[in-house]
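Let me begin by handing over the structure; questions about it come next.
For clarity, chains are labelled A, B and C in written order, and residue numbers in each chain start from 1.
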Amino acid sequence: MNILKKALGFRDDVDAVRSAKGENLSTWYYLLHKKQAVVGIAIIAMFLVWSTVEGIMQLLGGYARDPSLGWLLLPHNPISSPSLTTSLLPPSLRYPMGTNFEGQDIFSRLLYAAPKDAFAAFVVVLSAVALGSILGIVAGYYGGWMDEILMRITDAFLAFPGLVLAIALSVLIGPGFSSVLIALTVIWWPVYARLFRGQTLTLKYRGFVEISRLFGVSEAKVLFRHIFMNALDPVIAYMALDFGTVILTYSTLAFLGIGIQPPYPEWGSMASNGLSFFPSAWWYTFFPSLTILLVVIGFILFGDSFQDVISGRVID
Amino acid sequence: MVELVRTESLRRYFAAEKLGLLEKLAGRKQRYIKAVDDVNVVLNKNETTALVGESGSGKTTLGRMLATLDTPTSGKIFYSGVELNEDALESVRHKVQIVFQNPYESLDPRMSIRQIIEEALTRYGGDDRAGRVKEVLEAVGLNYSDIHYRKARDLSGGQRQRVAVARAMAANPEFIVLDEPTSALDASVQSQVLNLLVQLKKQYGYTYLFITHNMMVARYISDRIYIMYAGKVVEAGLSEEVFTDPFHPYTKLLMESVPSLEPTARLEAMKGEAPSLLNPPPGCRFSPRCPYAFDRCFKEEPRLHLVGQRLVACHLFEDRER
Amino acid sequence: MTASLSIRDLTVYYKTPLGLVQVLDGLTADFEQGETVAVVGESGSGKSTMGFAITRLLPPTGVVEGSILFEGQDLVSMPQKKLRDVRGTGIFMVMQDPFSSLNPVKKVGLQLLEAVQIRMERRGEHFDYGSASKEVLKRLYDVKLPDPAIIMTKYPYQLSGGQIQRVVIAMGLLLEPKIIIADEPTSALDVSIQAQVIALLKELQQQYGMTLIFITHDLAVANVVSDKVLILYAGRLMEFGDKRGIIQKPMHPYTQGLLKSFPSGSYREKELYSLPGMPPSFFSLPVGCKFSDRCPYAFDRCFKEEPGILDVEGRAVRCFLYGGARKNRVA
């Protein structure tokens, strides 16, 4: 434990008194001590590890032109041809979450679909941060009319109800996974633009930013190294929460029929399809919904704790 | 005595509120906070000039302009005789440095100490950067191997301030603006940092502009002193002379407000408060609080002029020999 | 003279995830009625903790041991309900940051009226809005605030630091406490305002006979404000006594060092004296005397045992140079 502490950079004496005085210790220290954060981290870890492994398998399958690699690790073939005999079976040892109308194992389908949710979450959030940070930092740092214009554009996007806009965009661009991702990114970046702009407004007057002008540091470097990197701290906490929100939104769109097309499974569309069979074949909508719920809660638990810790800390 | 920095009628006005289009059309006039108003200072090479004043005096704003971090609203700054305009700016910038008051705010919390110093060497070829980083850290009394990998938050206030000084030194400046460098430090650490600054100045021939509100520190460290009040210079001269024989009523009262360790020390409090910089009083800005104010003081602003070796802006001294 | 506040062996710990950290140790001092005592210490000396310990306003992680006798009652063992009655009219605290002493969403006048109300209720008097307002105006005038009637209608954010500090002092006066603890009340203020606030405190203290405990890091401020000085280092009382005596003839090496480091003269004449090293962290205090690692006179015993508080010619000193009393550890 002590080695772990040292590795994470704790300094006992300084930390002890600071903690006693109510200041915050290293982020990870607090997080690892908070029950809800630990639960959240556990859920996220399972989700991400599995998604990575399965995702790689699916990619390899694509390259090798052998899609069966994608379900090598799964109990059953998630996209097996429809079969009446195995249709709508309740949960059992063989089919832990039961089967769907087409007779496919729900558990395997959920596992198969996981990487896409993870991928969507990362791509959308990271793109939104990339786009939002550039616009927000430029607006905040230079001010003036550039700030005005950029902020009006941001406000315009924010004024639209996100989901409606996402649906409209997806329909416009056409069906498919990438169109959903693009649509989501478009509605996601304005919040980050605002966040980064706010941070930039405070940071640009800090001593170390001003003095870099005297050193002849290029503006781009100042914006990235000093402003962006320091603005990231509070934003990261928000990002953690956001991953969950993206998954939820993505699932909602899938539920509404936007995004991935059958026969490929998707959590949201599975939950939607299962509704028609509720409550007799309750497992069909129950387990996909539960999975979405659990994963999103995992991100919320982690993100929330992270935000608590970070917000106390930003002052230092 | 070689002149290094000189200002002519330097002004820095800040817009009080931003006027919208409609307001401008309605004829509403833009109001300004006159932070620095028509200031002339001269800083000599290898001297420490103290800039003393309270909050709102304009000393920090003036310091920032001299450090090229802020552009004047009007007036000129001359550096080594060359006027500081857009073109000259870059070439002057590498000769000027600044040390800020708050050691907690002036170092990037994400960078290691080594990186912080290295950043100062941006203009310099990579060759012996590591060597130079070590050199300046040791020059300020810090142990390179103990400290170079640490982050600012692991250091004490005194150590952080030393790092700030090392950073200022790294690129071999001529002129260093020190904005209240010891005000946030404990008494025992303050002495250490002041001694260090004196020693470095001797060793490397720096010129210092030392901004402070602490009279005792100003007296200790400076050769020359400028006293500022409400955006204007009210008195200037050799430190020892100004301290032992202050001319301007504000300077006098300021000295008397400073607590000392003398057994018979008593504080004389000035009455009233610093004036608004939006609407300064007509005439002399100190007149509402001045115990010696007479008729003329309320109508006409006194100009800064030479009385012997001293510069004073006060009607009481107007008849004296030039 | 009966002491209005008596502290005996005051010890404060903070509970941390890594164990107990002791911040104040064995503080013993008497504060006489009508006296001004300056508590002098650098950052990390525990001086603010002392102020909060006396008013029992420490965070939940703080543990207080020892005794604080105020008007014959021990504040350490007093339940929170009774302590609320003590705060304000018994002991009043002016905090370091002027803005944190007032409620930002209430007008200043309202807060001051509340103070009068509290005082009257505690004395069983009937609260009358009219006479209370008159009192508030008078006090605002006493603290030399211009246009008291207008000040009453303002919110704290509309006033400057110096004005707020004076409002807080006015509030203190309205509560008519026996003791005022002021934690660095002037550190955030300009020199000229500082002088005004100090002059004000002294004037009012003399007029109303309160005991004033003035916490500061500045010895010069201590010199002009106080009758007695208490030097705090690493959470321990190092020296306590009559101001003039301490400043003219300091006994404790730390006090001597502090006085010597005060800037005077010019750099051309001499280098400033500076105490070597830094104040220790509470988690790794030296064994023996806490000042031993920086003391120019430390000898063998200093590194092994911690000295107790000695009475030397009316001065309390914690130093083996003046005799052999060993500190009895309480915990």
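Methods note: contacts are C-beta pairs under 8 Å (C-beta built on N, C-alpha and C of every residue); 3 or more make two chains touch, one makes a residue touch a chain.
All figures in this text were calculated on a predicted structure; none of them were measured in a lab.
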Busiest interface, counted in C-beta pairs
B-C
Greatest centre-to-centre gap (Cα means) from chain B is with chain A
Between chain A and chain B, the Cα-mean centres are separated in Å by 49
For chain A versus chain C, what separation do you get between their C-alpha means, in angstrom?
51
Please report how many Å separate the Cα centroid of chain B from that of chain C, as a whole number.
32
Residues of chain C whose C-beta touches two or more other chains
none
Counting only residues that touch at least 2 other chains, which ones in chain A make the list?
14
Residue numbers of chain B touching chain C in their complex, please.
54-55, 156-158, 186-192, 194-195, 198, 213-217, 219-221, 239-240, 253-254, 256-263, 265-271, 273-274
In the complex, go through chain B and note every residue touching chain A.
67-69, 90, 93-94, 96-98, 100, 102, 104-111, 116, 119-123, 153-154, 167, 171
Residue ranges of chain C touching chain B (in the complex, touch as defined):
42-43, 144, 160, 162, 190-196, 198-199, 217-221, 223-225, 244, 247-248, 257-259, 261-267, 271-275, 278-279
Can you check the complex and tell me which residues of chain A touch chain B?
11, 14, 206-208, 210-217, 225-226, 229-230, 316
